[in-house]
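Which chain is which? They are A, B, C, D, E, F, G and H, in the order written, and residues in each are numbered from 1.
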Amino acid sequence: MQIRFAGIGGQGVVLAGVVLGEAAAIEGLNVLQTQDYSSASRGGHSIADVIISNEPIYDVMVTRADVLVALHQLGYDTVKESLKEDGLLIVETDLVKPDRPYVGAPFTRIAEGTTGLALTVNMVALGYFVAKTGVVKKESVEEAIRRRVPEGTEEINIKAFRAGFEEGKK
Amino acid sequence: MTEEAKTDVEKNGYLVVGKAEGIVEIDVDTFLCKGCGICVEMCPRKVFEWSKELSEKGVHYPVPVNAEKCIKCKLCELLCPDFAIAVRW
Amino acid sequence: MIIRGDEPEQVRLIKKLYKPGNYFMQGDEAVSYGAIFAGCRFYAGYPITPASEIAEAMARELPKVSGYYLQMEDEIGSIAAVVGASWTGLKSMTATSGPGFSLMQENLGYAVMTETPLVLVDVQRSGPSTGQATKGAQGDFFQARWGTHGDHPIIAVSPTSGQDAFWETIRAFNIAERLRTPVVILFDGVLAHTREFVRIPDIGEVEITYRKLPKNEEEARLPFGDPHGDGVPPMPLFGHGYFTHVTGSTHKENGLRDVYTPEVHDRLVRRIHRKIEQNRHVYEKYEEHFTEDAEILVVSWGVTARPSLGAVLRAREEGIKAGLFVPKTVHPFPGERMRELGKRVRAILVPEMNLGQMILEVERYVNDDVLLKGVNRIGGVPLTVEEILREIRGVA
Amino acid sequence: MPEIYSKYPLIKYLRKEALPTALCPGCGGGTVLNAFANAVDGLKLDPRELVVVSGIGCSAWIASPYFLADTLHTTHGRAIAFATGVKVGLPDKKVVVISGDGDLAGIGGNHLIHAARRNIDITVILVNNFIYGMTGGQLAPTTPFGAKTTTSPYRNIEHPLQISETVSAAGASYVARWTTAHVYQLIESIKKALTVKGFSLVEVISQCPVQFGRRNRMKEPAEMLRWFLRNSVPLAKAKKMKPEELEGRFVIGEFVNRERPEFTEELNRLIDEVQEHFGLKEV
Amino acid sequence: MIIRGDEPEQVRLIKKLYKPGNYFMQGDEAVSYGAIFAGCRFYAGYPITPASEIAEAMARELPKVSGYYLQMEDEIGSIAAVVGASWTGLKSMTATSGPGFSLMQENLGYAVMTETPLVLVDVQRSGPSTGQATKGAQGDFFQARWGTHGDHPIIAVSPTSGQDAFWETIRAFNIAERLRTPVVILFDGVLAHTREFVRIPDIGEVEITYRKLPKNEEEARLPFGDPHGDGVPPMPLFGHGYFTHVTGSTHKENGLRDVYTPEVHDRLVRRIHRKIEQNRHVYEKYEEHFTEDAEILVVSWGVTARPSLGAVLRAREEGIKAGLFVPKTVHPFPGERMRELGKRVRAILVPEMNLGQMILEVERYVNDDVLLKGVNRIGGVPLTVEEILREIRGVA
Amino acid sequence: MPEIYSKYPLIKYLRKEALPTALCPGCGGGTVLNAFANAVDGLKLDPRELVVVSGIGCSAWIASPYFLADTLHTTHGRAIAFATGVKVGLPDKKVVVISGDGDLAGIGGNHLIHAARRNIDITVILVNNFIYGMTGGQLAPTTPFGAKTTTSPYRNIEHPLQISETVSAAGASYVARWTTAHVYQLIESIKKALTVKGFSLVEVISQCPVQFGRRNRMKEPAEMLRWFLRNSVPLAKAKKMKPEELEGRFVIGEFVNRERPEFTEELNRLIDEVQEHFGLKEV
Amino acid sequence: MQIRFAGIGGQGVVLAGVVLGEAAAIEGLNVLQTQDYSSASRGGHSIADVIISNEPIYDVMVTRADVLVALHQLGYDTVKESLKEDGLLIVETDLVKPDRPYVGAPFTRIAEGTTGLALTVNMVALGYFVAKTGVVKKESVEEAIRRRVPEGTEEINIKAFRAGFEEGKK
Amino acid sequence: MTEEAKTDVEKNGYLVVGKAEGIVEIDVDTFLCKGCGICVEMCPRKVFEWSKELSEKGVHYPVPVNAEKCIKCKLCELLCPDFAIAVRW
């Protein structure tokens, strides 16, 4: 499965991709994770790709995304073409106005509501994604979060992830 | 948005305007503003409060709710890294 | 003090720090761990996308293994410090990308001329100039070969995945030490930033080579001689009382400058070339897939070798007799093997993330009657299995 | 592309189609751009009279592309050398370099010093954020002793370069250091620097909340501004303090302001003399 | 102010200063006078043997013609200043030798990417590294082609005598201006220091080209467009109120940076390549002697072309059907003509003062059935008529 | 190869097979070599404890190949960067850089400043002869204003870099300037520099009679020495003089001599801390 | 004719070559002049080559010297092999001890005696050479000296040249 | 060579030795000496005079004819760029 997260710098899109990749790795799947971002600053788009497969992976980029998780209009506009016709589009509904069918929720507001921190939006979206697709197990993601987020922020991130997961299960 | 005695706050497209009649008009461009908080924090008179809602960028932006307290030091205008604020009178 | 990666103390540290297993890591990190396993204990560099993660990993890991991380004021100084450290016996490395690689060219030539072992990682990004700084490319193929001035040989290896980067880095160090020469790793920004599984082995599984040291005073007195006939002089390290003289000017076997006698120059520079030429067995390496019966040969390298393999596999599924040839040591180019393979096939495709560079080498070894075609892509986006497959179908 | 609504008149100095900038929220680079526009406006300079040159880095993006003038965005560390060619070719224009600490004083330190020595009439605005911002927060030659960066994950063991002090010693006509929090003084200094004949440097200590602040317990831009204010020491006072007392402080103020022969004037004078000497002047 | 070499005032100065006639001068001086005649009015450089005499001549002569001589703190700064000056409208040049040429590579790539006309003289000396600093060589042939990072085209010319250096320098400026691109002069230390007759012509005899300037606001707004279909955008100079934005990052036609969109990069970099490819008529140049009926073809360049001609003449005297092909523009290599000539001959000899570089280009254009052989010499001493003749006889 | 007959015992520090040196008659570089040998002898240093690094230039030939120790003759301008790698690898050896003004302060100025800032324990002996000697007498960044060189045939319009002052500002532990005519003081300063922990610079104003003297009316080496003596001003006195009065003078003496943390010590301390922190120390 | 001057740095060997070349140029002959010297300093050898011919010159170096003028042992040793078997060897007899037949005189002493300056030894030797070979006219050389030596030193150099010429005529 | 009351000058291979009995011995190595004149000019006591004859290098070299005037300051020894002088006592 090819999954693409798209947002702007500062939304933690790459971390979401890395955590998902790590989770898949924990489950012993083949996984490849890449990213594309503006030079080190926060204004531009930020894209994270994850390819998860039981087979060897020969492509080093997402060619046709099965799922696109869009956290910001800019990111969405940059990569929307790459989503398959029958692909799943998940959006942050306050910040993205898609031109095709989608599911989603106001992830930033949920983040602020749950953790008080807008920047946990990435984990909320990741939770939502995992709930919707089931491509990896909730527990694997939580383990991956523990490995990958800055020390001391594990719990807050897991909280955000769970909030998103709940939202996705609704 | 907080309602204050002498400040009128209105939104006009991307622009958020705080007017304190006879004192000052403070404009914030929410397309340019990235919500860094410098104006909110550095204004010596605490003129700004954070918006409740997110801007298109996904950030809260400053609302000049207490424009009437403004001493026209222009610090907010000069410190703003994104040319988003104008303090005029 | 010479830190050897296979000293008991170093082995203890590595065993304690790096448990064998699969890790989800970036290509840049894989290079870094490869370096540490190979015994690299000195790194000097200057940040640059997409090579900075190597510096960051080295800054984090080297102190743990009693190694030195230095950040210099620029890339020129970085490779200079690496050369200096190498003469004290430390296995040394630097990493950079295009602009920094350009700046390092002068001192890379110095390392060639003074026969200083070191590893230089060029994480290729999309140029020319600043270009697309965050995007990967394969545009420095010939810069690695010809970037410094004057006649010189060079060895360059190019990994094709994160896992490969770990092992190729070790191989690069081994070649550098064995042949007392700088080795370039032509890595790229795509793999550098791609996270994948990389298996970290037990240090015991890793074969590590060390430079020849002089066996006696006599060998030490000829730091640029050829006592063993393999073109590789033993290296009298600094600090051992040998009074070694090292210069990038033309020098005699004893190291002393002689910049006037044509024969001295001829002897030195030809020996340095011969050293590389006659030791192909030390570094020559390529991978082949289905070349026995291939009619269409894909020749690719680095990051593009991987979708190329995917495409060849798919072509085979479709019944097309495609094969793949992947030089892993790209300089000196494995020309003889290329010539042999070229004689057997009908068409050759050369996919690269550039406007056609390795293809110019291939061209020298294949006859006019073979269809030779580049599959090129610039702009920072890797070639895909599908795109290469399409080209294979096109000539099938 | 939405219209810019800002009522701030100085926005006229910017390339609107490129806004908002690609800098992070609260990046001091934006404040420097603001201050520079104020100085240009204050001097009533026509931007047609300006050429702005920069290197590579976040701070090099301040004027490139945002400031609406002829802008030359060059290679890392070399802005001043490029600017030297521009100034010689256009001696009557104001040539300004705006770039980062890593760019101008790290890799490019030699051009900085030699331009100061030559006293060529270039105004350098050096944005010192203690870090390599653009590449993701690596150690810079300005990073405070002990600070954490991605390449000094434990602590920085190097000492930061005293840029203004060193450039003063090298021979500039005008040198001043301020922080972004001292924006009024900063604007005045930029105005002076633009006016002085000869090489001028305005070193601006500036916040990089994302790559420096975040790793050094100052995530919010305003926290960093307060840090600047708290730790700034005026030059006159600093002269009376011991080196140990100044550790970790920011000495602010004007370091030098002196008249010395300017390079392009001398160069054109030499041409005149030579032509005179060889009888080449038209009679 | 733009100084044009054909302004009446400049013509007056030149006529007053440089009387037409034969002068006994060094090759380096011939380059300098060529530059001044071509309209060069800005020189920034850093001393290095054997290029310093160019700097010295420019320091002496430029003030006389209202031009600027600058000595920078290094070679990196030198070419940077040259690029800066070029954007103000000054025809600009720098000169260096191997080590400095290595240092200039990064900014040479910047000049390619920003399409800045300039002339860079590389007076080749015997490398690698510091090598034999006072001796000439031809070892930078491929460095000139591939020295900077990333995919890029380059034009390089190579004079064969002092007189030729005068005219080739003028040609280099004309190409640079016509195609808005840097041009490298691959000169060498032998000719640089050789004194011979050089005829200085009347300025009226010299054809001088200037860069295209924008004809209107619209052209000025697209400093990297292609309004005339020749791949060459008009150049909106600084100081004219155009608000031009110039960057070495990937940029759109209007000059603004876009480093993320693959198509923008592809369009820009391919146009820059196409500009060079489609304008071969502007720069392609080679000399032929007795190629009509040659059976043995000598292919040579630069300083070695001259003893090669002597040898071919002697061979003809001896009844050997030898011919000579001398690429004067060596990059892009005149491959098509080489291919044609290669079909007609039995053997090709390539004499060069290096270990075999141009021969690698020749190899790409000739069939396996032609005997291809290098005649190589390193050590700083030029090849002689006698030596080349011996090789011709050897294959006759 | 005739035998060396000289009874001067310090000749034991030289590579005899390379003598006489390739330097011109009366070149100050030879005097610097003499002074350096004296300092080494005075400190009773075993040359096995030394590594001497140089760049490219006549002054870079002082130790390469003449001084009998491990000697690394590098590329132009980069000696200090090479030496940095050597020092880190051999923290217990004395690493010395001897090279020219053009090499170390011209093209190499940035390495000089950053090494001073880092305060790495390297001793730099910078031979300032106001000229690019080896390449035939071109303008250097140290050439006096107004002087003639092959690339300033009319007059030099640039100002010379104040090397010692600039390096002091950048942070060295020890900085002194002398001329070859002050050979006793010079020897003492080199001894101090070799002893000080941290970065030390001894700037030696030195005669290049062939490329500088000849073009500036001082053909004889001794004339240049007398010129040095005549125009030298001790630092203490210079501090009381105006810049105009100091134009064309050589300020001599010790500029700084201070204790600051040294780089390789800090680096090894950091390694210790990290290994401690991660529990890597053998128990 | 191929002529080679050989000495050590400081003897003005290159200037001798340049003056001879210029003199030949003045007479309208084809001429090519090159040199080889140690890096900018005075200890090493210094060689100046001049090729004078009525025909086009294709070699850019002296291949077999017809005349070798050796002013110092070091220079002599460096290039003595290049002198033809029947070539003419001219030496500074105080400073060169040749191992084959030669002519010559103590040029340095003559220089000191004539001009007081040892460094006019090059012009003395050039005068001697011109007297012995006649390859160019005395007057052409004097004109060439005027063009090539530093302003103010023309007469002293011509004086030295003439002294050498006289010695050669002896 | 000038003969002085108290100084004995003799040549020994490449070495020129000026001996002032009980005072000093000054040795000049004429193989190393390049005749730069620094010792001749800078010696505070004018101990050296130029040789009449040329050395093998083609230069005049210093002869310590007035060794007896020597104050053993060693300036000549230390300034000599070619390690050609030794002043011993």
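In the analysis below, a residue touches a chain if its C-beta (ideal position, glycine included) is under 8 Å from a C-beta of that chain, and two chains touch if they have at least 3 such contacts.
Worth saying up front: this structure is predicted, and the values here are computed from it rather than measured.
> Supply the minimal count of touching-chain steps required to go from chain A to chain F.
Minimal hop count between chain A and chain F: 2.
> Going by the contact rule set out at the top, which chains touch both chain B and chain E?
Joint contacts, listed by label: A, D.
> Would you mind checking which pair of chains has the most C-beta pairs in contact?
Contact tally peaks for the chain pair C-E.
> Using CA atom averages as chain centres, what separation in Å is found between chain B and chain F?
59
> Give, as an integer number of Å, the spacing between the C-alpha centres of chain E and chain D.
That pair's centroid distance is 37 Å.
> Among the residues of chain E, which are close enough to touch at least two other chains?
Expected reply: 49, 63, 73-74, 76, 99, 106, 110, 129-130, 133-135, 247-249, 259-260, 381.
> Could you list which residues of chain F touch at least two other chains?
If we look for residues of chain F contacting two or more partner chains, we find 20-21, 23-25, 27, 75, 107, 109-110, 114, 134-136, 141, 154, 158, 267, 270, 274.
> Of all residues in chain G, which are in touch with two or more distinct other chains?
36, 38-40, 42-44
> Between which chains does touch occur?
All chain pairs meeting the touch criterion are A-B, A-C, A-D, A-E, B-D, C-D, C-E, C-F, C-G, D-E, D-F, E-F, E-G, F-G, F-H, G-H.
> If we count contacts the way the header does, which residues on chain C are in touch with chain F in the complex?
Interface residues on the chain C side: 1, 9, 12-13, 16-17, 42, 44, 63-64, 66-68, 70, 72-74, 76-78, 80-90, 92, 106-107, 110, 238-239, 241-249, 255-257.
> Help me check something: in the complex, which residues belonging to chain D touch chain E?
15, 17-18, 47-48, 51, 53, 64-65, 68-75, 78, 81-90, 93, 110-111, 114, 267, 270-271, 274-275, 278, 280, 282
> Within their complex, state which residues of chain C touch chain D.
By the definition above, chain C touches chain D via 46-49, 52, 55-56, 59-60, 63, 69, 71, 73-75, 99, 129-130.
> If you look only at chain F, which of its residues touch chain D in the complex?
107-110, 113-114, 117-119, 141, 154-155, 157-162, 165-166, 168-171, 243, 258, 260-261, 263, 266-267, 269-270, 273-274, 277
> For chain A, which residues count as touching chain B in their complex?
Going by the criterion above, the answer is residues 8, 11, 42-43, 71-73, 92, 94-95, 108-109, 118, 121.
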